[in-house]
Amino acid sequence: MVSERPLRLAITPTGLDKGALEAGQFLEIDEAARVVRGNGMPSAETGLHLAIVRTRGAGAVLHTHSLWSTVLSDVFSADGALALDGFEMLKGLRDIHTHEHREILPIFENCQNIAQLATQVEALLKHEPAVHGFLLRRHGLYTWGQDLAEAKRHVEILEFLLEALGRSRTGV
Amino acid sequence: MVSERPLRLAITPTGLDKGALEAGQFLEIDEAARVVRGNGMPSAETGLHLAIVRTRGAGAVLHTHSLWSTVLSDVFSADGALALDGFEMLKGLRDIHTHEHREILPIFENCQNIAQLATQVEALLKHEPAVHGFLLRRHGLYTWGQDLAEAKRHVEILEFLLEALGRSRTGV
Amino acid sequence: MVSERPLRLAITPTGLDKGALEAGQFLEIDEAARVVRGNGMPSAETGLHLAIVRTRGAGAVLHTHSLWSTVLSDVFSADGALALDGFEMLKGLRDIHTHEHREILPIFENCQNIAQLATQVEALLKHEPAVHGFLLRRHGLYTWGQDLAEAKRHVEILEFLLEALGRSRTGV
Amino acid sequence: MVSERPLRLAITPTGLDKGALEAGQFLEIDEAARVVRGNGMPSAETGLHLAIVRTRGAGAVLHTHSLWSTVLSDVFSADGALALDGFEMLKGLRDIHTHEHREILPIFENCQNIAQLATQVEALLKHEPAVHGFLLRRHGLYTWGQDLAEAKRHVEILEFLLEALGRSRTGV
């Protein structure tokens, strides 16, 4: 988030190699996803980012296409969510101070209609104020934080625990 | 592809450590695989690269010997192909705009007679215009693009999805 | 260990990104975990580090939150320990000169009451003088050495062997 | 190999962190493992390196403690060997020009009596002139080449194929 009022988010442009982005290529958008600074079109999933910012007041939103979020969002899709239980690493999530915690990651069916998905996400985030992230089936993870450092910490924790969960299910 | 007409491809020389190649070591060949610039003999699989360029008009062809392409090309060899279904990452493939897509990767039996293999590959690419790549059993992946950036993106997507497929089959 | 008498340990401050720490951010504490140099509060698990230094005379203590220590500490938790048998790499552990050795890593149930955990750890280390490390369930590995180089070598060996044990149990 | 006649090998000293070695720390030994240049004692396994140089005329010998060589040398120990069949990557091994090849890696029981192990290794290498490497159970891989580049290429190929074999056995 570049500013809160008026809302200005820095966001990646669509279609570019995210691994090769330079600072000057980021766009700045308003609360209606209109580009107010920069060249290009914002990420196709901008609507999800805005839904999270609106509902959670998040300062930063991060989205990954990682192996374990892709695989486990599919494995647990019939349950509509997966649970990460009893790990010390959960303590790094905002407001969690013990490993004796059950973190739920809801799983949404993936959808190209982002407005529709954003409505579902917004409903979830209002209904489940405790969640720190969610999964899109065969797509990836969304998480957020009050700032980029917190969002990044949440990504590290959740991705690590997704791998721990995945590994534990391979017969070890 | 260095030029289209006359056809000139830059290609790696055979026998050298690919991880240590310098720009000046690349060869330039014509449509009959004759070296027109540089020192050395072109890759032993040059015939496959030319078949792909001829049939698809590809600007760049990339070939990997990766772990998951090696393993899964063997696991699915009896089926003659493997399928990557419903992944968001499929949207990065040329002309694919939705995750609701089934990407088929045909699998050829490996063969040291490249001319024979090139004939099979050419027949496949004419018969199946939608494929973005194919596998050689216990060997690796071939993919391509209109330019190097697109070919590289295709490698990233297909290699990632091969790993996702492989992991999903280990009992997670 | 910065000095032995009086006891002074350099330790990471709590709450900071361990991957981004600079030398000047380390704290120095005494045998009662009081900060004698530096700004901030010491690691929440300082009590465990001190228990190990007291009981073993360790010059350095290292603690990891790795994938395999997290997963296997859970898999073997009912046994209260796991065993690493017959690996050449065991020879890198202090006082071990053959692969014909069975290294036991005790597993403690994780606990937020560090004083209580430290008491258990101290009892174990007095009762089992041969152990080179222990696991906290769904948390990670603790190991130590006479200096940082030895502690680091112990981390490398134990983490490698935990992965070897984990992989061997996946049906290979 | 620094020179062939008289035989001089450059070898790592024992006990030092191999990841931190500098060029000046390598020792030079003769055919009886006596140090002729440098400070320190040569690797504890020097006898194996010399046996390989003697029997194969190798210019370089490389030894790894990798995860898959450690795990699979144990999985297949009852068979006394493991086989790598039909992989394209086998073509990078000296004198192998087709994927239609079955590469055997003999497996020896690990032993701290290196002289005894060297005798076994020497007998094997005379009896099986085609092997490009062997495994020590729960220890690692030995391979060699006419020079360091060839030995390194052999390590890359064999380690890759060990992983491919391991992965293929995990139910993919």
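By letter and in written order, the chains are A, B, C and D; residue numbering begins at 1 in each of them.
Assume a contact is a pair of C-beta atoms (placed from the backbone, for glycine too) under 8 Å apart; a residue touches a chain by one contact, two chains touch by 3 or more.
All values reported here derive from a predicted model rather than from experimental measurement.
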Same or different for subunit B and subunit D, where same means more than half of the interface numbers show up on both copies? different
If chain centres are mean C-alpha positions, then the most distant from subunit B is chain C
Can you work out the whole-Å distance between the CA centroids of subunit B and subunit C? 47
In whole angstrom, what separates the CA-based centres of subunit A and subunit C? 33
Would you please write down the residue numbers of subunit B that are in contact with two or more other chains? 170-171
The subunit A residues in contact with subunit C across the complex are 86-89, 97-100, 149, 153, 160, 163-164, 167-168, 170-172
Contact footprint of subunit D on subunit B as seen in their complex: 17, 65, 67-68, 70-72, 74-75, 110, 112, 136, 138-140, 166, 169-171
